[in-house]
Each structure stands twice: as C-alpha cells, then as structure tokens.
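The same subunit A turns up in both complexes below, where it pairs with subunit B and then with subunit C.
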Partner chain A sequence: MVTKSEEDQLNRLEAQVDNAGGGAWEYLCLVRKLKVRRPDKVLKHGLAILNDSKKRSALGTEEWTLCEQVAVAAMDCQSLDVAKDCIKVLRKRFPDSKRVGRLEGMLLEAKGLWAEAEKAYSSFLEDNPFDQVIHKRRVALAKAQGNITTAIECLNKYLDTFMADHDAWRELAEIYISLQMYKQAAFCYEELILSQPTNPLHHLAYADVLYTIGGLENLQAAKKYYASTINLTGGKNRRALFGVCLCTSAIGQLSKGRNKEDKDSPELQLLAVAALEKDYKQRAPGKLPLLTSALKSLRVSS
Partner chain B sequence: MDKFRDCGDIKKDLRYLYTVQFWVFLVSRNANRGERKSRERERGAMAEDLVLDTAIRDWVLIPLSVVMVLIGVLRYFVSKLMRSAQIPDAKLVKEGQVIVRARNLRAAANFIPPKSFRARRLYYSNEENGLLYVPKGQAPNAQAQMFSDPNMAMDMMKKNLSMIIPQTLTFAWVNFFFSGFVAAKIPFPLTQRFRAMLQNGIDLSTVDVSYVSSRSWYFLNLFGLRGLFSIILGEENATDDTQRMMQMTGFGFDPTKPGC
Partner chain C sequence: MGSGELRYEISQNAYIKLVLHALKHKAAAVNGVLLGRLSDRGDAVEVLDAVPLFHSHLGLLPNLEISLLLIEEYYGSKGMSIVGYFHANERYDDTELGGIARNIGDHIFRYFPQAAVLLLDNKKLEALSNGKDRSPVMQLYTRDSSKNWKLVSSDGSNRLITKEPTANVVLLDYMTSEKWQNVVDFDDHLDDISKDWLNPDLFK
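And then the complex of A and B:
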C-alpha cells in the first residue's frame, strides 16, 4: 500500500518531470519501488534516458533495470517495437536469464500469441515450480484471453501452495465479484482482513459484499464492518458513512414486521448522517439538497 | 505449543544474577585491597599503574581489529559463493505458508465473524485432514531430520566449517604473534578469578587483572564485531556465529509435547 507521503512525493516528482525540470531518474526509481502503474510517463522519460548515451553510461548497472522497466511500460502502451528492442538488448547482455525469458513471454502475450506464451510459461514452471511470478503471469494470460474459469482454477491452485500471498487473494476476490459469486468473494476478503486487519479498504470491500448478499445477519455484519472502516479512517470515508445509512434502513425494512426487541439504537445512523451533511457542506454545497432528500427517503423507509 | 517465559521472570532472574555478581565483586575487591595493602606494607609502595606504549595500540590492537573485520568480510563473500542454489521443497514451502496463514488467523481472529473463524479453525485442526493436525508422537524430530537429509547435512557441515576454520586460524595467529605482553587495560576493576582467562601470556601474578593480553582483545572483537558486520554487510550475513552457536544447542524440540 502506498502511504500518503509517498503519494505526495510521487505527484511532486511527476509534476517536476513533466515540466522538464529534471529528476527523471528519481521518479522512475520511485515508480519502481512503489509498483505503481504509469506506463506513458515511464515510457517517455525512460526512453529519453536510454537514448541519451551520456545519461545511459552514467547509470552503470542500473541501466538494465531501467531497460526492463521501459520494456514493461512499452508493452502496456502497446508500442511493441520499443519493447522488442529493449528485450533484444537485455537478451544480448544476459543470455541465460529467466527474468529476460519472462519478459519475452510477456511480449508474446502482448502480441496476442496466447499459445506460444502459454508454452513458454509452462516450460519455465517445469524448471522451477515455485516461481510465483510465472504462476501469476499464467493467471493473467487466462484472464486476458477471457477465460475466467481457467484463471480461477490456476489462481486456486496457486493459492493452495502459496496461501499467504495477499495480493493473490485480492485478485481472486475481484474475479469472484465480477462473476457475482459473492460468498466466495466474502471468503477471500476474510482472508485479506486476517492478514492485514488494519487496512480499511478490506473492511470496506467486505462490507460491500455482505450488503450485496443481503439477509438480516449479513446486513448487521455489514453495518459493523462499515463502522470499523469509519473507525480506521477517522471518519473520512464517505462510502462507509453512506454504507452505514443504507444498512440501517435496510435492516429496519427487513425487521419491520418483527418486534423491536433487538433493534440497535438509531444513534449510529444519525451520527453518520450528520457527518455526511457536514462533509458535503464543506466540499460540495451545491449537492447538499440532493443529499438531504436522498437521506430523508432512507429515513422514511426505516 | 511454546511456553514463553514471561518478561517479568527474565527480569527477575537478571536482577538476581546482577545482585549476586555485585556482591561477589565487592567482596573480592575488598579482599584484593586487603591483600594488596598487606603486600605493599611488606615491600613498600608498588607502582600500580603501568604505562603502556602507544606502539601497542598502533601495532596490536588496531591491526587485530582490522584483520578480523577483513576476515569476516571474506567469509561473507565465500559463503555467498559456496551457497548452492536451493530448490525449495514443495512440502516445506506449503508448510511455511500454512503457518503464516494460521498465525494471521490467530492474531486477527477478532476481525472476522465467529462462524468463519470456527470454519477456518476446523480446517486447520480437524482430526481427519486438518492441515496443521499432527497426531501425538509422529512429529518429525528436527534433529533426526537434520541428519537424515543429506543436503541439509552438507549445508550444516559447510556452515560449521566456515565458522570454525577462520576462528581457529585467527586464534592460533593471535597466540603465536601477540602473546607474552600486556596489550590493554580494561577500564573497570576485575576480580582475581579472571586472571586465568585474560592474562594467559603474562606470567606475573602481581599485575592487576585489569591489564589483559591480546587474547582477550581477540575475544572482545569476536563478539563485538557482530554489530559492525550487520551494518556493513546487511542483516543476513554468515558471520553471526553466536546465533548459530545458540541454534546448535536448541535441538530435541518436539512440537507435539506441550511446554517446550
């Protein structure tokens, strides 16, 4: 996860580099470290450094890492010739490298030659069945072909061995949500919450899934998770505030017929509504009437 | 599973140990003073403070430290070169990951609904096919496994050799070249018990125990340069002998028996 300070630094460097103020190398290093996806900028500035022979020799051994980074960015921007050139240069320098082989597989993927890419990846996996990145590339390959069920299969097999990889769990959860398999997605989000309990995004996503599945128990749990998200973000997450209001009104609707023994106090909803109104007044006062009418309709039905 | 000693217990033990040592030190110091005073009265005042030549500092202490640092760096690079590319065992990798996942479950159990927690707990500790379930007595003894697996045994041998040989050679070198004179003065007073350990080459029994030979400087460096190595070589370096020595004594660990 990228922290706020790192995000600020990245934006500052980006602005500086865009206005031709130098510092391109620091920007590229930061992008590489934070693993953010900025293919167009990386391609432009990386290529500028690589084509300038003076700057290139100033890098020394870092030149090859930059080459790899530019190759991946080029594939992302679909400039396959640039990518092919970079990979050729890397292959000349490191003839037996698995890392370069992986790049070549990615190039095959980018060109759309699925069968060859699949063959390349399988041969890598035969040599080293524990290469996590190659496993993930196979999943990406299946996903790019539109073969979601194969992707799920591969990912499940991967997670069978490497079950502590939270990125993989997140990917699986998103795939399940795209297929509307909400119960399985809820399981994946539970894994994520277990591995990173202080990350509010996981709580929020889990609450969303629970709310979508519906049912009284799930709605109550969803309300708790929205509340914990609000707790973890210090009340700044508007989506969680909305979630609390929606959950309370949905619970009220479901339990209209029953007696109000275990009805939670309406305090939580009132607090959330107050926080939302204050936020909107501060940031988008023009939309405030919309908000109040929407919330009023929620409260009426509860 | 593990029974960790409470922090309070350790502190209590340390406090007790330090008090005992302090008293021993006081008593022996007084005894020394008495003895010394009596000797002085016999032979007249004796110069207690030896003046050590600065040449000792230049030609003994500093070169010895430099040599030990260089040998440590050399060992680090040699161990890097000799390390064979380890093909991870499938079972070990999976077990490692299962343990991480189960540890997360234990740590963050309050954050998920009780039903899902119970389901996961059953998944791990189920008697028939639980991932972490180990029937009593069947746990592989770590030491037996260590010797039966030939790869692991070779690795252990290599690591031990790379530790023992440089230590032995350096010790022999120090003893051969740097013995028979006083090398340094320890800034705090010590009891007579340490004389045998610290003053091996000095055959005078009347010299204050604070004046030590170069062997003690070697040992000081051996244990003290660990911190320096972790700064200049990064965290994982093969020169962490003391850690490995501690590891060697900790076998015979059966995870199924409670209270290990």
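And then the complex of A and C:
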C-alpha cells in the first residue's frame, strides 16, 4: 500500500527516467522500497544499467539486488530469456543460495511448469518449514492455476502460523471478495483492524464489506467504520464520505415505519455531503452539479 | 422483443476505452459499464459510450452504487442509459463469466431487459497483432429464458460488432503507443477527483 505522495514521487521519477532525464537507479530503488509492480519499466531501465558495464560496476554489491529485481520484472513481462540469464548470473555468484533457488522456482512458475514448481517449493519447505516467501509462492502457484480453493486453504494454514502477516490477510480478504464470500472477508478485516487499529484503509474496506453484506445492523456498523475512516484521514477520504451518504440512505429505507429510535440523526450525512461538495467545488467543479443531484436522490430516499 | 436476435453494435471509442482499461491493469480484474440505447428499428442495441469502473474490489457494492448513480445522472441527460456491463478476468486463461459479473449484469438487466454482458477474450486480444480479425476481442453474453447469462456463439452470426470496421486497427495502434496509461476509471476518480471518468481527452 502506497500513499498518494509516494505514488506522485514515483510517477515523477518514472516520467523523468522515461524521458532520458536520468535517475534510473533512484527510480528502481524506490520501486523496490514501495514494493510496487511496474515490470515493464523496471525491465527496460534495469536492463539498460545491467547491460552497461560501466554503470554496472558502479553499483558494487547492489548489482546483485538489481539482477534479482530485473529477473522478477522479466518474468512478469514474460521475457523468460532475460530472466534465465539474470538467474544464471546470480546462481554463479551465489551457488548455495536459497534466495536464488526461489527465483528458479518462480521461473518454473512463469513457464507454466506447475508440477515442477510445486516440487521445488515443497523440497524448500522440507528444509525450512518457516520460509514465509516460499509459503506465499505456493499460494500464488495455486491462484495462477485457478485453484482458488487450494489457494484459500494454503493461505489460511499460513496465517495460522504467521498471523501477523498483514499482506497475507489482505490477500485472503481480496480473494474472498472476488468469490463474493463477504462474511469471510469481514473476518480478515477484523483481524487487520485489531492489529493495525489506526490504519484507515482497513476500516474503509471493512465498512465496504459490511455494506455489501447488508441488513440493518451491518449498515449501522458500516456507517461507524466509515466515520472512523473519516476521523483517521482528517475528512479527506472521499470513499468514506460517500459511504456515509449511502449508509444513511439505506438505513433510512430499511427503518421506514420503525420507531424513531432506530433512525440515525442526519447530522453525519449532512456533514459528509457538505465535505464532498466543497471538495468537488475546489477540484472538480465541472462535476459538482452532477454530484449535487446524485446526492439529492440519495437523501430523498432516506 | 427479447434478446433472441438482437445485434449489439459497439462504437469504436467505447470499445477501445474498455480494452485499454484492461491493458492498464494487466494483473487485475477490471470492469466497466456500457452506455447507449435501443436502435430506432428496435433490432439492435447501440453501445455509444463506455465508462471504465474499477480495478480492485470489484465485488463490493458501495463504490459501484455511487458510480452507477453518477453515471446514470450524467448519461440520462444525454438520452442514454446503461445497456450493459464489461468484465475482464484477472487471469489470462480464465474464460468463465464469474459471479460478480453475473450479479451486476442481473442488476442492469432489471432496468434494461436487452442488456448485454461483454467478457474480454484474452486469446483474441493476444492474436490481434496478426491483424486479420475485425470482430471485437470480447465475448457476448445475453440473458436466456431461464434467467442465465449465456454465451452467444460467434461462429456464423455476427451479433456483436464494432460500428467502425477499423476499430481493431485503431486499437492496435493505441496499444503500440501504450495509450492505456491515460485511461481514467472510477477508482482513479475516487482517489483523485480531478481525474475525469468521462475520459474527455483520451482520443484527442
């Protein structure tokens, strides 16, 4: 997960490098640090450095890190020959390395040699059953073959041991959402909120899932989590602001004819609408009339 | 008239926008809505425009509801309605129309009974550079009488065509120039509202 300012910085560097303005190494380091997936750029610019013997020797020991980064990017772009070459070089330099072994396993995956990749990973895990990266590669392997049930099983087993791995919880939640298994996804986000209570994205995702499941109680809970997202982001998260409006409208529809006690006060929605309109007025004034009438139709139904 | 013999004619811009969106997010599933109207003679659905929606959490309702609200508001004033749904699966060899696509398709069907669901055909997209095929790189699904989304076979009948026969040529051109970088979807808009989901300058 990357913040907006980090993404802006990355895009600026990327544009600079693309236009031959230099800064390739800085860009590649930033991609590594932020763990984003930009394989075509990494391949292009990383390979340019590796193929230039002067630039390459200037890197010193970082040369191998770059080799690894380019190998992975090459696999992502299906440039398997490039990947093979990089891995060969790394294998020569680090003959007993498990890290290179992982790359070799990934190459098998990239070639679609599922059984061989599975064999390689299983033998790695026999030697070292706590290798988190290999565990996750097995999940990726299952997912790539379309065995989503196996992927879920592996991921759940992984999380039994490594329950602090937030990325794994998020991946599991996303897999559940893609299968419309919302209650299970909600459980994942609950775990994430417990371990990272001040991360607004977990609150937001949880609220989205609760809203999707529906029902009065879930809608009321969703509204609370949209509110906490707004709180944690200083009112800047537009999705949460919209979420509040949707919840209020849906709750209003469901509690028509019920006691007044079940009806929420409209203040939160009014504040959310005001915040959205102010935001659109400033940054997307052309869309403001559209927003206003859309929000009005939400309010009418509540 | 049911969807039994209806043709679906998609404009070049709508078609290219959707495919470019899928290419921008190669490692994810993406979706979009089709805008248009029934033809005057009632024998075809004209897809005049498309709006790319999301590239993450496609199965969640809140953002979908907001996007449909705003899209209907805008296109309603232009005499168009939502006439279908586009989906591209996450994996290359996944050719199934999944639950999320079917559910969203069902929702659109309730308001427009001639609705179509289009699924990106990755193999056809890959073969595009052979330059011979003029048919869209998408599979057409329509609702049958048992309320299921059924694949409309593309052998023989051309029930899904691009309005402009040169659409694939133009698409290939855009792919070469990596035009997908400029596509804005609803996810992008929600993250930065100054980005316009109407993509007004995409084809300029």
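Throughout what follows, the second predicted complex is superposed on the first by the 290 of 302 C-alpha atoms of A that agree within 3 Å, B and C clash if a C-alpha of one lies under 4 Å from a C-alpha of the other, contacts with A are read in each partner's own complex, and residues count from 1 in each chain.
In the analysis below, a residue touches a chain if its C-beta (ideal position, glycine included) is under 8 Å from a C-beta of that chain, and two chains touch if they have at least 3 such contacts.
Since we're looking at a predicted model, the values are computed, not measured.
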{"item": "Clash or fit (per the criteria above) of subunit B with subunit C on subunit A", "value": "fit"}
{"item": "Which of subunit B and subunit C A:97 touches, first, second, both or neither", "value": "neither"}
{"item": "Inter-centroid angle subunit B-subunit A-subunit C after superposition on A [Cα, multiple of 10°]", "value": "180"}
{"item": "Contacts of A:129 with subunit B and subunit C, given as first, second, both or neither", "value": "first"}
{"item": "Subunit B versus subunit C as contact partner of A:179, first or second or both or neither", "value": "second"}
{"item": "Touching partner for A:253 - first (subunit B), second (subunit C), both, neither", "value": "neither"}
{"item": "Subunit A residues touched by each partner, larger count belonging to subunit B or subunit C", "value": "C"}
{"item": "Subunit B versus subunit C as contact partner of A:221, first or second or both or neither", "value": "first"}
{"item": "Which of subunit B and subunit C A:297 touches, first, second, both or neither", "value": "second"}
{"item": "Partner chain in contact with A:162 - subunit B first, subunit C second, else both or neither", "value": "first"}
{"item": "Lowest C-alpha to C-alpha distance for subunit C against subunit B (Å)", "value": "20"}
{"item": "Subunit B - residues contacting subunit A, complex", "value": "87-88, 90, 93-94, 97-98, 100-101, 104-105, 107-109, 111-113, 116"}
{"item": "For the subunit C and subunit A complex, residues of the former touching the latter", "value": "27, 29, 56-63, 65-66, 69-70, 73-74, 90-91, 93-94, 98-100, 103, 190-194, 196"}
{"item": "Parts of subunit A lying in touch with subunit C, wherever the complex brings them together", "value": "4, 37, 144, 146, 174, 177-180, 182, 205, 207-209, 211-212, 238-239, 242-243, 246, 279-280, 283-284, 286-287, 290-291, 293-294, 297-298"}
{"item": "List of subunit A residues in touch with subunit B within their complex", "value": "128-130, 160-165, 187, 190-191, 193-195, 197, 221, 228"}
